[in-house]
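First the structure, in the form of structure tokens, and then the observations on it.
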Amino acid sequence: MDYVLGLGDDALVAAQRLAQWCARAPELEEDVALANIALDQLGAARLLLTYAGELEGAGRDEDALAYLRGDREYRNCLLVELPEPDFAVTMAKLLFLSAYQKLRYEWLAAAGDERLSAVADKARKESAYHLDHASLWTVRLGDGTPESHRRMQDAVDRLWPYTHELFEGDHAALRPQWLSLVTAVLDEATLTRPADGGWAPGGGRQGLHTEHLSYLLAELQVLHRAHPGARW
Amino acid sequence: MPDPYRLGLIRQIAQHAHSEIIGMQPEGNWISRAPSLKRKAILLAKVQDEAGHGLYLYAAAETLGVSRSDLVDQLLTGRQKYSSIFNYPTLTWADVGTIGWLVDGAAIVNQVPLCRCSYGPYARAMIRICKEESFHQRQGFEILHTLAHGTPAQRAMAQDAVNRWWYPSLAMFGPPDTASTHSEQSMTWKIKRFSNDELRQRFVDMCVQQATVLGLSLPDPDLRWNAERDHYDFTQPDFHELMRVISGDGPCNRQRLEHRRRAHEEGAWVREAAAAYAAKRAAREPAGV
Amino acid sequence: MDYVLGLGDDALVAAQRLAQWCARAPELEEDVALANIALDQLGAARLLLTYAGELEGAGRDEDALAYLRGDREYRNCLLVELPEPDFAVTMAKLLFLSAYQKLRYEWLAAAGDERLSAVADKARKESAYHLDHASLWTVRLGDGTPESHRRMQDAVDRLWPYTHELFEGDHAALRPQWLSLVTAVLDEATLTRPADGGWAPGGGRQGLHTEHLSYLLAELQVLHRAHPGARW
Amino acid sequence: MPDPYRLGLIRQIAQHAHSEIIGMQPEGNWISRAPSLKRKAILLAKVQDEAGHGLYLYAAAETLGVSRSDLVDQLLTGRQKYSSIFNYPTLTWADVGTIGWLVDGAAIVNQVPLCRCSYGPYARAMIRICKEESFHQRQGFEILHTLAHGTPAQRAMAQDAVNRWWYPSLAMFGPPDTASTHSEQSMTWKIKRFSNDELRQRFVDMCVQQATVLGLSLPDPDLRWNAERDHYDFTQPDFHELMRVISGDGPCNRQRLEHRRRAHEEGAWVREAAAAYAAKRAAREPAGV
């Protein structure tokens, strides 16, 4: 169950962060595109949380899992919960996340669990689109103006340490493929790929998050929790 | 196309486009806090639709020979207006439902006639927009219906929101016919087809019946059926308040425009980067390929 | 009760905003000073909310009133709930608020209600100190550098409309005194006093707030509400 | 005063001052969310005390001929360190109580001997600071005691926080005596009076008894009384982790320094204004008045 929950929480937290761009994106087309990606993430989160609840067998549905767990019970990776102070950080996060999700979903689509593979089959196509979108912007910003190059490189450098957590344990084998997806984009964007081997924060999959997540959840859950047991 | 007709159309389409863009804010205010994942998805999709409507409408205006960046500039500098309804705050989740029910409802009553207006590109945009708006209106109604049939706190929240949005929604039809400046000319040009007061009456008649289904009351003690007129009698909104809000002194005028300006400014480096990249690409590629 | 609640909510919301400067003030001395002022406001809020609860007679204590009301039930003026994007806005808010609180508390200290007058007698001395502190900074920033002058004038202009609400109804008589306190500071600070007669937003005393308050309360209340009935 | 002694003192006092300043962040993280108004006031006052401690300590360091702005600069550029304990996140309200109990407890054990250290201004600052810290430690203990005797969720929150903070607190006494680089010299100079391991043992002995009163367990299966040594045996913290955190790779090192840098940068215009105003004042006033 933790495995499915991790995927679902990644998607839910990513959706929440992406939706914050709604009505404040750099251009109107981007409002539409980011809302679209947020909707895809939210859709995947709903399917995955529902399934996680069924696996648990304690009667928790998607809303019980989304709204009534604290940050110590969330299983998302740290990358998705980090704040997004500018559009470059958002795009770097999306680049790293969508490349990872694409590989994870492709793998799951082909794996044994029928239920998961149905979700993954849909989600991998969406991830491929998210990756395209993030790649496009990474290249535009990396190879745009000196300012955009500086911001994009800074975002990549800042977030890189958090990408190690994605390939903890079983998933280590996916990192080489991920590196080749991401490196191709960074190269085209005239950006420098950070060196590996440094700081590698983790803990999200065990519920040990950054101080940012509890704020995000406070906002996400405030209304639902204020009316215990209500239907919406 | 005579210039006054063209300028009147541009004014009307631009104002409509700006309203869609500014209208993203009051509802967007609740996306992060929507009380279930399903409602979150529906609301996010709705606000996304508004951005989409803004895009079609700017495109329709561009067929009349103005540029989108000029129109955006006119919005940001306050030279062109947007619908005053978006200068009220969304204080609770029930406001999201009420905006869907009343505000989108009023917008549809206003806009359906425009689907047959005399300028093709505008009429076509309106057909698509009205279809989506009636979908949004149903979703808003459904939110309110759930609240009105929920816990006492939810029910109170729904009634409170309806109380606050009722008169501002009536004001969406503009000043009374006796005082409207643009209406007569617009009707002659067939970019408007019914008078403000006709549309307002149509809206009131519609809402009274829907409010009964919701089990919520409308905050007008004088609202009653008039068999002679075959319409409901009702209290007019405070048109002085409407004028104050239009002239910039509503509760959120400054906040909405400032939010939009800030988004525009904070996005400048991104748009510049995209332009610089496109220019580099163009320069790299051999001409004509 | 609404009267006492209004004063108490002003102080509580002001304390919450001021405390946000903790560990991010422009200098260390200012971390100490702002925490001090926040503590004074919080102390006054606790006494006033306790008293409001007693007046109501429904068994609500300071925490029930602080943590279990939504924004539609809060009675603070809009001024205190506005975000503080920079230090100039914080100081302009504090200038306007503390001058108002000083006058209100002085008046209450001399008025009939014994319980209120005891609270007000302590609070008016604190308000006088807050006013001194805000005045000092208003002058420093107004008469400092061109940038600080611009920011301070901008803050004053932005917030001025919200000062009308402070003198609604019964309190209209206090505005001339308030104007003379505030004008003296603005003059010394080489700042222009905005004209009256324009936009005058209100509604806070009736529970009609800006969209900002519900976010502030979500954060303030999140932990308390997550554990219904718990003691701390 | 011999230079190495002076520099050693400056290093130690500055590191202590920086720790107070950075230490404001993890606890400050809960001020806005404190679960009762009383706890909010106590926590705010505590974090304020830390700023005050920072001020005394910078002042004590200045008596040794360095300027505060130089020291701040050394902190912001990472050339001087602060206590590594503040590079762990505060994930729940119980962390606030646990920091009070364990972290302030460890600080006191470390610092009490310094109240009798050889340099007067530092010793005097430490006397005042230790008094306040033992007050903070009692408050932390009280928070944890309330949680440990509260609802099951509160109790679990308390135990979880103690589990996370125990070993990092033990690590606050520094590397084992066999590996400490500065200790021996500092003890000769009497700016340090007991060894790391002596102080760590004193802390463990103290905590075991207090944990019993709290009704919480310490996350060390090998913790037991050793009658022979007249001390508790315990598992040493992971000193490799400590070294990693000291060298910059703890969970929050980047966040803490970045927060401080941002506050410093965002405050620059305010400090410049204050300086400009002071200069104008000085120029306006006749000399000597």
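So that you can tell them apart, the chains are marked A, B, C and D in the order they are listed, and the count of residues begins at 1 in each.
Simple rule for what comes next: a residue touches a chain if its C-beta (ideal position, glycine included) is under 8 Å from a C-beta of that chain, and two chains touch if they have at least 3 such contacts.
The structure displayed is predicted, hence computed values, not measured ones.
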| item | value |
| --- | --- |
| Chain labels contacting chain C and also chain D | A |
| Pair joined by the larger number of C-beta contacts - B-C, A-B | A-B |
| Chain B and chain C: spacing of chain centres that average the CA atoms, whole Å | 35 |
| Distance between the centres, which are taken as Cα means, of chain D and chain B, whole angstrom | 55 |
| Whole-Å gap separating chain A and chain C, where each centre is the average of the chain's CA atoms | 40 |
| Between chain B and chain A, distance of the C-alpha-averaged centres to the nearest whole Å | 33 |
| Interface hub residues of chain D, defined as touching at least two other chains | 33 |
| Residues within chain A bordering two or more other chains | 70, 218-219, 222 |
| Topology of the chain contact graph, where touching chains are joined (line, ring, star, complete, other) | other |
| Interface residues, chain B side, partner chain C - complex | 29, 33, 89-92, 160, 164, 248-249, 251-252, 254-255 |
| Chain C to chain D touching residues, read off their complex | 12, 16, 19-20, 22-29, 31-32, 35-36, 38-39, 42-43, 45-46, 49, 62-63, 66-67, 86-87, 139-141, 143-145, 147-148, 151, 219-220, 222-224, 227, 229-232 |
| Chain B - residues contacting chain A, complex | 21, 24-25, 28, 31-41, 44-45, 47-48, 51-52, 54-55, 58, 93, 143, 146, 150-151, 153-154, 259, 262-263, 266-274, 276-277, 280 |
| Parts of chain A lying in touch with chain C, wherever the complex brings them together | 70, 215, 218-219, 222, 225-226, 228 |
| Of all residues in chain A, those that touch chain D in their complex | 70-72, 198-199, 201, 203, 208-211, 214, 218 |
